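Naming follows writing order (A, B and C), and every chain is counted from residue 1.
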Amino acid sequence: MSTEAAPTKKLSPNSIVRARRRAALRRFTSAFGRDRGGMLGLVIIVVFFALALLAPLLFDRSELDVTQATADPYLPPSRTYWLGTDDSGRNVLALVIWGARISLLVGLSATVLSMFIGTSIGIMSGHFRGVTGGAMDRVTEWFLVIPYLPLAIVLATVLGKSIWVIIVVIGVTSWPGTARIIRAQTLSVGSRAYLERARVLGGSNWHQMGRHVLPNVMPLVLANTTLAVSISILSETTLSFLGLGDPTAVSWGSILETAFDNGAISLGAWWYLAAPGLCVVLVVMSFNFMGRAIEGILDPREQGA
Amino acid sequence: MALLEFEDVSVTYRSRGADVPAVRGVSLSVDIGHSLGIAGESGCGKTTLASTVLRLLPKSARVTGRVLLDGEDVLTMSFGRLRAVRWAKAAVVFQGAMHGLNPVQRIGDQLVEPILLHEKVFSRRAATNRVGELLELVGIPARRVNSYPHQLSGGQKQRVMIAMALTCRPRLLLCDEPTTALDVMVQAQVLDLLAGLVRELGIGMVFISHDLSVLSSSCDRVAVMYAGEVVEEGPAAAVFDGPRHPYAAALAGAFPRIGDTRFRYAPAGLPGDPPFPGDLPSGCPFHPRCPIAVEACQTESPPLLQMGDRRTACLVVNSSQGAA
Amino acid sequence: MSTTEARPDQAGPTAPPVLEARGLQVTFRGRGTAEARAVDGVDLALGKGEILALVGESGCGKTTLARTLLGLERPSAGQVLVDGKPLAYKSSALKAYRRRVQLVLQDPTSALNPRHTVYEAVAEGLRIHRLDKDEGEQVAAALSRAGLRPPERFFLRYPHELSGGQRQRVVIAGALVLEPDVIIADEPVSSLDASVRGEILALLLHLRDELKLSLLVVTHDLGLAWNIADRIAVMYLGRVVEQGPTEALLAGPLHPYTQALLSVVPDIDRVAPIVLTGEPPDPTRIPAGCRFHPRCQLVASGEAARAGVEVRCRTSPLPVLPITSGQSAACHLLNQS
């Protein structure tokens, strides 16, 4: 079947498996590199991340302070102020770049929280039958029907407005969707013979879930994560827009909120709304492109296996 | 004139830029009232060969040679003629066909469909009567006509598929592994049924299977295929009891004869695996696994030569027997 | 008693059985209240170094019986005995049991995780039981014993890069690495190409000879049993209806079901085929009396009536066939004569 010569030096199997995995990663990155949508999305995301990280170097924090604004309000975009100024005379470009930090941070944290809870519960509810599995299903359904807006309002009122509350709200309301998808995949993997083999070899439930179910579910999790990030960012924008976020933190949603409240539309200050709005659209779109590219590459039908 | 004749048929698939020769120069024939068995393992080309009869191969497949059904070449027929021929002249029961039944339609409705499509003179009532006849013919009580597939057992579903193949009174029936997924007793029932049909309806049958023992007891003649070619062909029982080609011998040996002490505690198998059609060895494709290969086998491709009641494609066997 | 000591002890070991089933019953409750008695009273014994073939058609309970012997299913009645001691179902006891009894599944393609290399697949058992000192050597030894040489060449392959026969050898190596005493093989060659089967069967025989492994082979194929089995147990609808040494059973089957099964093997021409009508009923509707009587050719032909046992066949159930070293069958007509 093979004509390969045996390796001449005695490498440990684990190091060779690592090399194998590196090769698989290289194959993945080259396949991703060929997907134009995915690459475009990646570039845009990298740009935004870079800007967000470099924000303090580009614009001093004082530019966000309303009391220190010196320019005239509602100035249209010009050479000094690329995106014009807001209702208090602050540089909109500075606002938008600093806003990226909060929006991206909240979006990512909420996603991590949601994916972690969703994947764990999804795998466990798909793997354990009987009472345990059934109980987890009920919990998932219960959380699924919680409407996130009323919950956000309630929590913000009770716990005070902060970005952590927003992260918790988004995490807590979006994990059931993930859990259901992961559960379905777990059920399909669970019927496969290698899971039975692991059981016969003496593997505990944790072994079966960790060594067999999780690796087979990971592609789905990864593809889902990128899509979940875009949803989280949109959710954060919405919640901040509604005034439920931290009033002192600048995020794209809060910029939109201030703009709206101050009648930017009727004043014709389109740049004030377009800037944050466009940022949200670009970031969400980019994560979606990346998610679709990943899905396409990791589709088991495309793989050799 | 033979009912079905393959004349030097070759099929090549185009796959990712490479040509994969699935069938290479096969010539076989079946007469009316007789059955031909085609034996072989995965990748030998038997299903591809069967698919040529009704031109069921994908467009990317190149077919050369002639496939004559009652003297007409199927490969050069117009599409209209082909549609008329499909199912009415020749019908196929595919592998795993019983899974092809629509689970939400009653079997009676599914059987009526080809009748109404092909024989447009039939009224619905006449078609339903014919369905009842067909079910009785395959051993299912006619009152089961309103059952759903899940209410039938595996054996019954396979019989329904055979009935479906017979709806338009074909002259030729092609069965691809019809009994592989069935228990031995149900298999015996289905084989009895097929043999009975050949006798009573006077049709010709091509039976494809990897199980040479089944073919030896249910077919008149058998052809053993390997890597797209016929390596041995002759009367079924003779080929099974006394195979000449080393691959046919190995295949026969894989079905131990109960009671024969030569098979007791002595499982016989071949090393290696059947070759992938896109990666065939040079010369005789069987030489890497062959127990009697000589040096010439690596370079020369053996021709299929007639010797007595048999055709064999093996340099060693043919030369030792002084083939015609 | 319903045994007939028709043949003297042949090839049966005299040591106590390694694995035993006593009065085993496994019942499944499906949707609704229908109770499926998949295994309905089975006595079975597997000796050291013995190869026992469990033969039957689908629905006879042979796979359920095998899984219960492995501890994957809990019996609703009866016991599984290992070296004479009943199997405990605590997780620690079961885990220890796994080192003694292993499984080879039917389809090697689905039995191996496509994302794990051959090395990881074989090492999995060692890692679970924390036997991974000299893991590399143990894995290499197991692969060699399973016929994959040189083993290092296979360490980093993935299952989809191997042929069917090679995959099955990997599964066998994965079972061997734990150094079990018993291997239960469920249709080990039925999904492999015909010309490759002999090699895997030869490997199993070799393992029995070399390592004194006991083998329980579940199959529907009597030819396979003729090839490698010392003893055969024939199952029908949850019960063992006949058991005995292979030569004796296949040369002169006692139970009408065995006779019918043997007669329809395609290349058997010494017996006229007895093609039974219909199919085995499902385990939720086991017939009264002898469970085979509705399909029995002796009842249908009137022979049972002539012998005066037909009433018993229809109404009187047979006891569980006990384990004997000779050949025995559960049949009213047989008991009569």
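What we mean here is this: a contact is a pair of C-beta atoms (placed from the backbone, for glycine too) under 8 Å apart; a residue touches a chain by one contact, two chains touch by 3 or more.
Predicted model, so just to flag it, every value in this text is computed and none were measured.
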* Structure fact -> Ranking chain pairs by contacts puts first B-C
* **Chain of greatest Cα-centre distance to chain C** => A
* To do: Averaging only over C-alpha atoms, locate the centres of chain A and chain B and give their separation in whole Å.
  => 55
* Structure fact -> Taking each chain's centre as the mean of its CA atoms, chain B sits from chain C at a distance in Å of 32
* What is the distance, in whole Å, between the centres of chain A and chain C, each centre taken as the mean of its C-alpha atoms? -> 52
* Going by the touch rule set out above, which residues of chain C reach two or more other chains? -> 163, 166
* Structure fact -> By the touch definition above, chain B meets two or more other chains at residues 273
* Structure fact -> Residue ranges of chain A touching at least 2 other chains are 1
* Please give the residue numbers of chain A that touch chain C in the complex, ascending. => 1-2, 4, 6-7, 12-13, 16-17, 20, 192-194, 196-204, 207, 211-212, 215-216, 304-305
* Sort out for me which residues of chain C touch chain B in the complex. => 57-58, 163-166, 193-202, 205, 220-224, 226-228, 247, 250-251, 260-262, 264-268, 270, 273, 275-277, 279
* Structure fact -> Counting only contacts in the complex, chain C reaches chain A at residues 70, 72, 91, 94-95, 98-99, 102-103, 105-107, 110-115, 117, 119-120, 124-125, 128-129, 136, 139, 150, 152-153, 155-163, 166, 171, 174, 178
* Structure fact -> Within their complex, chain B touches chain C through residues 41-42, 153-155, 183-189, 192, 210-214, 216-218, 240, 247, 250-251, 253-259, 263-271, 273-274, 289
